[in-house]
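Across the two complexes that follow, chain A remains constant while its partner is chain B and subsequently chain C.
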Partner chain A sequence: MSTHTYKKFENAESGELPDRMTIYQDCMSEFNESPINSKRCRLLISRLLRLLAQGETFPESEATALFFSISKLFQHQNDSLRQAVYLAIKELSGISQDVLMATSSIMKDIQNGSELVKPNAIRSLTAVLDESTAFSAERLLKSALVSRHPSISSAALCTSYNLLPIAEVTVKRFANETQEAVVDLKSFPHKNLVGEYYPNSTFITQYHALGLLYQLKKNDKMALLKMVRQFSNNNTLKNQLAKIELVKLVNELINKDSQLFVDFQSLLMEWLSNKHESVQLETAKLITNFATHNSRLISSELFASAVTTLQSLLTVPRVSAKFAALRILNRISMISPEKIVVCNPELESLINDPNRNISTYAITTLLKTGTAKNITSLISTITKFIHDVSDDFKIIIIDAVRTLSLNFPNEWKTILNFLIDVLKNGEGGFKFKNNIVEALIDMVTFVPQAKEMALENLCDFIEDCEFNEILARILHLLGKEGPSTSNPSLYVRHIYNRVVLENAIIRSAAVVSLSKFALTKNDPSLSDSIISLLRRIANDKDDEVRDRATIALKFIESAKKDTSSEAQTLLQSNYSFDFNALESKLNTYISSNTDSFKTPFDVTSIRKLTEGDIKALDLKRKQDKFTKGEFETSVESTPGMIDDNLISKRADSSFAGPSAHDHQQDLLATKYAEDLMSIEQIKEFGPLVNSSQIVALTESEAEFVVRGVKHLFANNVVFQFNITNTLTDTALDNVTVTCTPEVEPSELEELFTIPIDRLLPSAEAACYVAFKKTEDMVMESFLTNLMFTTKEVNPETNEPFEGDEGFQDEYDIDSIFLNAGDYIKSSFVGDFTKAFDELPNEEVAVYNIKENISLQELVDRLVVNTSCLPLENTQYAPSDSNSHTVKLFGQSASKGTKIALIVKLIKTSKGIAIKAQGRAEDATLCADLVNGLM
Partner chain B sequence: MGNFFSSMFDRLWGVNKELRMLILGLDGAGKTTILYRLQIGEVVTTKPTIGFNVETLTYKNLKLNVWDLGGQTSIRPYWRCYYADTAAVIFVVDSTDRDRMSTASKELHLMLQEEELQDAALLVFANKQDQPGALSASEVSKELNLVELKDRNWSIVASSAIKGEGITEGLDWLIDVIKEEQL
Partner chain C sequence: MSSLSLYSVQAVLILDNKGDRIHAKYYQSPHVAEDARKGLMQNVKRQKEFEKRLFQKTHKQDSEIMVFEDRLVFYREYLDVTLCLIGSMDENEIVLQQAFTAFKDSLDLILNSGIDKRNIQEHYDMVLLAIDETVDNGIILETDPATIASRVTKPPTNEPQMSLDLDKGLLGAWGFAKSKLQERLQQGM
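Let's turn to the complex of A and B:
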């Protein structure tokens, strides 16, 4: 090898990767050599590993050949070579076949090898074992688990942990050894070699053992409780990570059963002053997270000490601890900012922290704890600061400011000025600018006072904007909002400038936007100018622009002749389709093409959303984001494996647009509606008016899990019961749900039931019960019962045994209620107070709730029961006050009439008093809703 | 200079060269027991080999690199991955297992057809002679159709790995053949 190639391949700093084929051939020839040169082989393996670590991969045949030649190195007894071989086996096991062949050799090393290679050998077992071979390694693993040597024991614990999903039966038998490994404090045998400076053990085995023990016992609540009790006292755990694991375990327990929290209070208090900062942090996180859902169960002293702990962590010199504490505080600030106001002095001193991550978080937290009073001063602090930070932090700050604008609509001027300043003067990439524009769009949509000023400034901005996407968005917004402003001609000038100056993409967006001004009512003279502008554009050199201009001209012409024409709606569309439904429909249309698209696509079956609906959905998503933020953390703190579903939920949490979770929900709703409408008998009921959310009618771990959806038609109601059979060996035949009205005589007349013919084990299917109702709102509750015939299933055919008559059986499920909320859809209004005062019919009702629940729980229940949208950020009840007012807005699902509710809640020692004041266009709806709140 | 001569002599007598040998055969024939009988001279408790065992041992001044490959049906296809550079194959047969003699014969002949093993000597151990009802060496030879083998040095030896009988005799023959061939 010449010096040249040597440099090229071996210099790790150069960042240049060795050639894949060269390595492959070198390996093949060197490893098959006899006798083996261990030093050269080790070097080669390290190069191979570097290649793999950089993401290079080998085709399966080559990887397998590599694996077999590496397996030949087992003939050499050099320990260092052996370690390298194990690493290579682990890496190759993913891409090569037949890794099983190394099993015997590895097991021999575990039995007789030196202490140096044993841990590596044990760890590589994970890669080669399968369910049947794991059994033969059982004895080896067991003896390694109880080894006095910490590395060997740790390796065995990790291997068992990773083998658990592969060979559950075998690993389940390790419980005793694992338990022993947790309490056993293992230290390295050669004390004198290590020297005084290094501790002679980190006791990391405890962490690994605890992790495995949790996996083995995670379904046994009592065992977990015992674990916490046993390991939490007297310094049983020396390892920091193990202690954190224990905190997470407590978190898991109380999340499953919040009543347990009381028992842990003193323990948590103790942990808050643990000598390890990470334990303090984890405990504080647990307490504050738990408090958001169960504030009633948590004593205020405990919460206060959690905040104090976090507060003191803000002043430690270690950056990571500071950052973690800030993150937790930031999360609390989203839900109950008033609780962490005490930390404001520390937060303010962190604004100028040299670490930008910390300063950014400090500012965003301050923005949230900010009250209407100090917003102005905060904004001026950020203004000085924002131009110095990187784009990522700018985006975080913009997001915080955006939330602020939704929470404090009255402070719009300061916020708007700030946003405009950063938009015009800030340096930044597309994402940053897009975020500002989005924030401005939010303000235009949700803060009506700010609309004109924001629009004017956006107009200025597009005069000099380099991003096509942003330009197109702004043009669309101008087209949507511009015509209804007091001075539409202003916008026309700006838009037309775009047509003159920009590329084809922008020009076509501008044409659509212009055409919307033609029919504006605020300035009728505009119409002629628009037409002449469009005529000019119709000669554009780009065909798309020409097409759009021509079609817009045609529309305007016909709309002018006849104001009720279709052209009018096409020009100024006041609804859009439910995009999720549209997408899935289009997909099915394209994939099920039978007649080369002769039948046109049918759009009538897709839900149309009016602008109010869209705004309501949008706002709801933004509000949900906070609650989901908490959800993420509870996922992250569960020890052990996380299933894919949750990961996908976590992946998408960007502010804009629906998250994956929402998307799934929407799709599910669409699917239910489609299933329903494909049933002949139900089709006759006419169009579906409204579907309720899915309500659980059984515990989620019951034998039969039943969830109900209420579908509303003009003169009918259909209950859909989705039943999941969780039994493994029993099929259910002829499954029906009987609904008995609680109060006789019922206003609903039962028409028919569509049973499930056969529900196989672990299958899900829907059963429908249909009723006839009058056109009025009918509210009733039904006692429900699941009726079915059980039949044992033949495990071979997965069908019931022939001739099995089965047993008639029934199963109680929760009652299903048809309440006023089912007739209502949530809706958005910019100025709630004004809207409320304008509505004609008023109704007032007073309730007294005796249950011991917190205000927040009651608010949540109100939102669900009424199906209305909480406005002005009233969906969060303050935890430090005994009263709260919720503002709800919605509209009738069938008629579209508006309804607004102001609900005052006062908590006393006797319970919670509710005064609901409703106003609506429809007097009966109002009365029904107000009187049927609970 | 001295080094040079010693390495030349080594090469002449084949001391430094390692000889690769494979121990093959159906599962449960006693391959792993034979390997460790050769290495440490004792009977070890074994369990079915998943993969292979490899040991280096010195026998009559020769360094032997002995590979014992698992005999289970699932592992047999991988034997071929270890054929390269093999000086000799030791095929172990369970002499009491009359039912599977034909399987053993088939595997043996299939293996010997491989290009890479054309020059390898073959030693067959008719193992488990200590058991009642074991076939004799000549009977095993007939069952395995050994007479059909042309152009190959082969021999069959009755053995009992447990008692240690026949193993050395077999190996002595093998070493002689290899020395003769290589020198």
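Let's turn to the complex of A and C:
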């Protein structure tokens, strides 16, 4: 080594680290020296590890050389150096070769080393052993596991745990010792203390032992139950982490078999008042989680005590406990806000908590508990402090208020005043203002009462708004909504002001907006003024503005001549396309271009959505967002870092509300429809009128999983059966579904069946059955049967064996019903009561449901059966009351006639009584729907 | 991964006052096949970007705990360093808090003159040992700071000269033995 590098490295006592090569050379020379200088070696190892922690890495050859030099240091008996050596071995074993060579030195230490280094030695085994050598550590690990010394025992347990994936057979032999380690309270020996600290036994060995024991027995339900029984009594577990592990074990058990819950109820009650906050918390988490899926099994007292426990955690000084309790409350608030209203005083006091994360959670939770009664006071509480908090916090609050406005349209005045106040007086960036404007746009769209006031205030706002994007959006909104208001000329003035004062982007947006006022019905005189305004604008210095003005003038002219002309629809469009479908169609059009775009793009096959449809979809999506609890992920995460962890969390997110998967189903339905239209025979039926929700026709665990979708055409019906073959060794040939009408004679005439030629193991395919129907609504149910020929599959080729004739077989699946709901699309209306009263035909029906289901389950079923949109936040049945009223709105898929339903549910000991009152433009539809509700 | 898994800690970080790492360790369950190892940022570039983003959220925000990119983060900002511990969203917050406190307090114990960047860099070997005694491959190993500190050795002093100078006679040998014994006893206390 040159003196130069040596110097450099001495200078680097702290702070800057020498470069990788210097460290490498220093290590190589120092470690191979004799006698070993323990102080220098530990210093060098420390530098080496710092380098690795910075993210530097060594090529494999160098790493291997380092690894071997370091293992030479085993000759030196200094414990202090030895600990550093083990650290280095653990870090280097990942990047160097032949790490097994160090095993014998490590094992020698485990047998004869001092108590101080034994745990380090044991834990380093994880890094050096592999599948073929893991068994060699069996005897050593076993004797370490039963050691009286907690650190040694814990080290052995953790190492066994780490080795489990590669040495399950070996580790399984420790089951008895592990079991003993759980109950054994190991404390530190009082003699032989090294150093100046006196270790306290936390009995954490119990936690490690319990974790390992679970892994060993996880497939044996009886053994797990025994574990809970054995370890839950008489304070067997002293360590709180171990206790939490036990709570989690109970959680696992009841999630697999919810019937077990009853047996654990008293235990859980006891745990709720455990002296450890963490145990209380975990138990409360378990109870509230479980309640979302199995609300019937859980007694209301238990749930209430869980909430009380959380409530008391809100007042403890420890930040993490408060935070954790708030997180749970926040999740409850998304599903059953009424249950946590008792916590409101505590939540209110946390709004001003110095910890921003806590105050954020508190306020959003509080807002979700909002009911028609307390909204006003909630809003006034927020108004007090909203101006003092940071931007992203404000955005969270605005989002929460926005949800409130959708759920409590009757409280629009308070909410609107609040929004206007923050819009005008609040300081904030683009994102903040944009959120408020979006909230206002939502109100304009979904809360008709608030429309004019909101629009007027938006007009004021654009007078001094600095953000182009927001301005353009507001101008578009004014153009869309303004003409139908009572005083359209007011908006014209504001819009024209923009043309005079703003830049080209805004001016062109304003032109489009203005042109929409030309056809206003309320105020015919407006038309002439608009034309003269547009004429003036047609001399604008910007091309785009001029073009738009000229086109608008042309349109207005031709629309005035002929009211049914195309120009009319171009000026005031009342439908738009399904954008997902449009996008995918355009993509295929562009990519499959064969005649250099001579064939024009065909838009007729794309679903057109009217204003009402879009609103319905929008509202649904917003309500979904609310229940899905996206708050946590959308607010606090930045995009782009989503990993599988997140996705799995979403998938099994225990707080998904009833309609969480609807949107996904929407997309799926679009896909199915596209598949359908690619089949020649079906294409002849003309445009698809409506597709139903996907209904399961078998248990999801059945051998063949069948799900049905009903597609309606003007004169035809097509049943689509999606069949999944879950068998691993059998292929199905010529799969068909026979549909036999339950009542003869049938009004439907079967046309053809498109079978699946071959369904390979674990594949999914669709079989179609088409019928001819009259133009009227036809409702029928069909007995269905799956018919197929089974053939054994050659596992090598994944094809059936040659010459295998197979067996004819059939499989019963549930009946498929074509009911009134299939003729209905969900639709939105702002003022439900008014819309309901205006509809002419009324029909009433009464049902009595004897099944033991909760109100919520029944509401979910109603929504699916009727395909209507639940309005005014009635899709959530309160869990503390025995009655509920659902308001549903929809329209006929073929004719577009409106239908509204008010369904009253009363739960008694005998079952649930339903009174459905329906009103519709179409009397038959109404009668059919109301009478075919269940 | 089952919620009963002992692998509850995802990472332990020590960042300086610019958000650069002083120490960073991301834990992965050992001996799990490569393709099954999901998520937690295997490449150093992504790790460092994550740390930068994290630092922007933690710097001058004294809230101790937060949810960041679908992970629970516990942190404490000192004069020129920030200590962080990261765990999964489904983990019990108080448990992770305890692990974090153990990590933080054990550093407090072993770094005599307080937690700051220079001290951590100078005693990096001890800091590393303390972390290693707190979390092993993501398993919380110990939550008592004193126990952790008791298992962290100081760097060896220069090689003790054990050879006795017999010229000084028995008295000298007695004196040497006595001083050694006293030293041991003091250490023992």
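Just so it is clear, the second predicted complex is superposed on the first by the 616 of 934 C-alpha atoms of A that agree within 3 Å, B and C clash if a C-alpha of one lies under 4 Å from a C-alpha of the other, contacts with A are read in each partner's own complex, and residues count from 1 in each chain.
Going forward, a contact is a pair of C-beta atoms (placed from the backbone, for glycine too) under 8 Å apart; a residue touches a chain by one contact, two chains touch by 3 or more.
Predicted, not measured: the structure shown is a model, and the values here were computed from it.
*Asks:* Please work out whether A:211 is in contact with chain B alone, chain C alone, both, or neither, and reply first, second, both or neither.
*Replies:* After superposing on A, A:211 lies in contact with chain C but is clear of chain B.
*Asks:* Based on the superposed arrangement, let me know which partner A:202 touches: chain B (first), chain C (second), both, or neither?
*Replies:* Touch status of A:202: second partner only.
*Asks:* On the A-aligned overlay, A:555 touches which partner chain: chain B = first, chain C = second, or both, or neither?
*Replies:* neither
*Asks:* One more residue to check, A:103. First (chain B), second (chain C), both or neither?
*Replies:* After superposition on chain A, A:103 lies in contact with chain B alone.
*Asks:* Which partner chains sit in contact with A:80 here, chain B, chain C, both or neither? Use first/second/both/neither.
*Replies:* In the superposed model, A:80 contacts chain C only, not chain B.
*Asks:* Have a look at where A:719 lands relative to chain B and chain C in the superposition and call it first, second, both or neither.
*Replies:* After superposing on A, A:719 lies clear of both chain B and chain C.
*Asks:* For chain A, which side has the bigger count of touched residues, chain B or chain C?
*Replies:* Higher number of touched chain A residues: C.
*Asks:* A:46 contacts which: chain B (first), chain C (second), both, neither?
*Replies:* Touch partner of A:46: chain C, not chain B.
*Asks:* Touch test for A:408: chain B only (first), chain C only (second), both, or neither?
*Replies:* neither
*Asks:* Does any part of chain A touch chain B in one structure and chain C in the other, and if so which residues?
*Replies:* 35
*Asks:* In the complex formed with chain B, which residues of chain A make contact?
*Replies:* The touching residues are 32, 34-35, 68, 71-72, 74-75, 77, 98, 100-105, 107-108, 133, 136.
*Asks:* Which of the residues in chain B end up touching chain A in this complex?
*Replies:* Counting only chain B, the residues touching chain A are 16-18, 20, 47-56, 65, 67, 70, 74-75, 78, 81-82, 84-85.
*Asks:* Considering the complex alone, what residue numbers of chain C touch chain A?
*Replies:* For this pair, the touching residues of chain C are 2-6, 21, 23-25, 29-32, 38-40, 44, 47-48, 50, 53, 61-70, 74, 88-90, 92-98, 109, 118, 121-122, 124-125, 128-129, 132, 136-137, 139-144, 146-147, 149-159, 187-189.
*Asks:* Please output the residues of chain A touching chain C within their complex, sorted ascending.
*Replies:* 13-15, 35, 37-39, 42-43, 45-47, 49-50, 53-55, 78-81, 83-84, 87, 90, 116, 119-120, 123, 126-127, 151, 154-155, 158, 161-166, 188, 193-202, 204, 207-208, 211-212, 214, 218, 240-241, 244-245, 248-249, 251-252, 276-278, 281-282, 285, 318-321, 323-324, 327, 354-358, 632-633, 636-638, 641-646, 649
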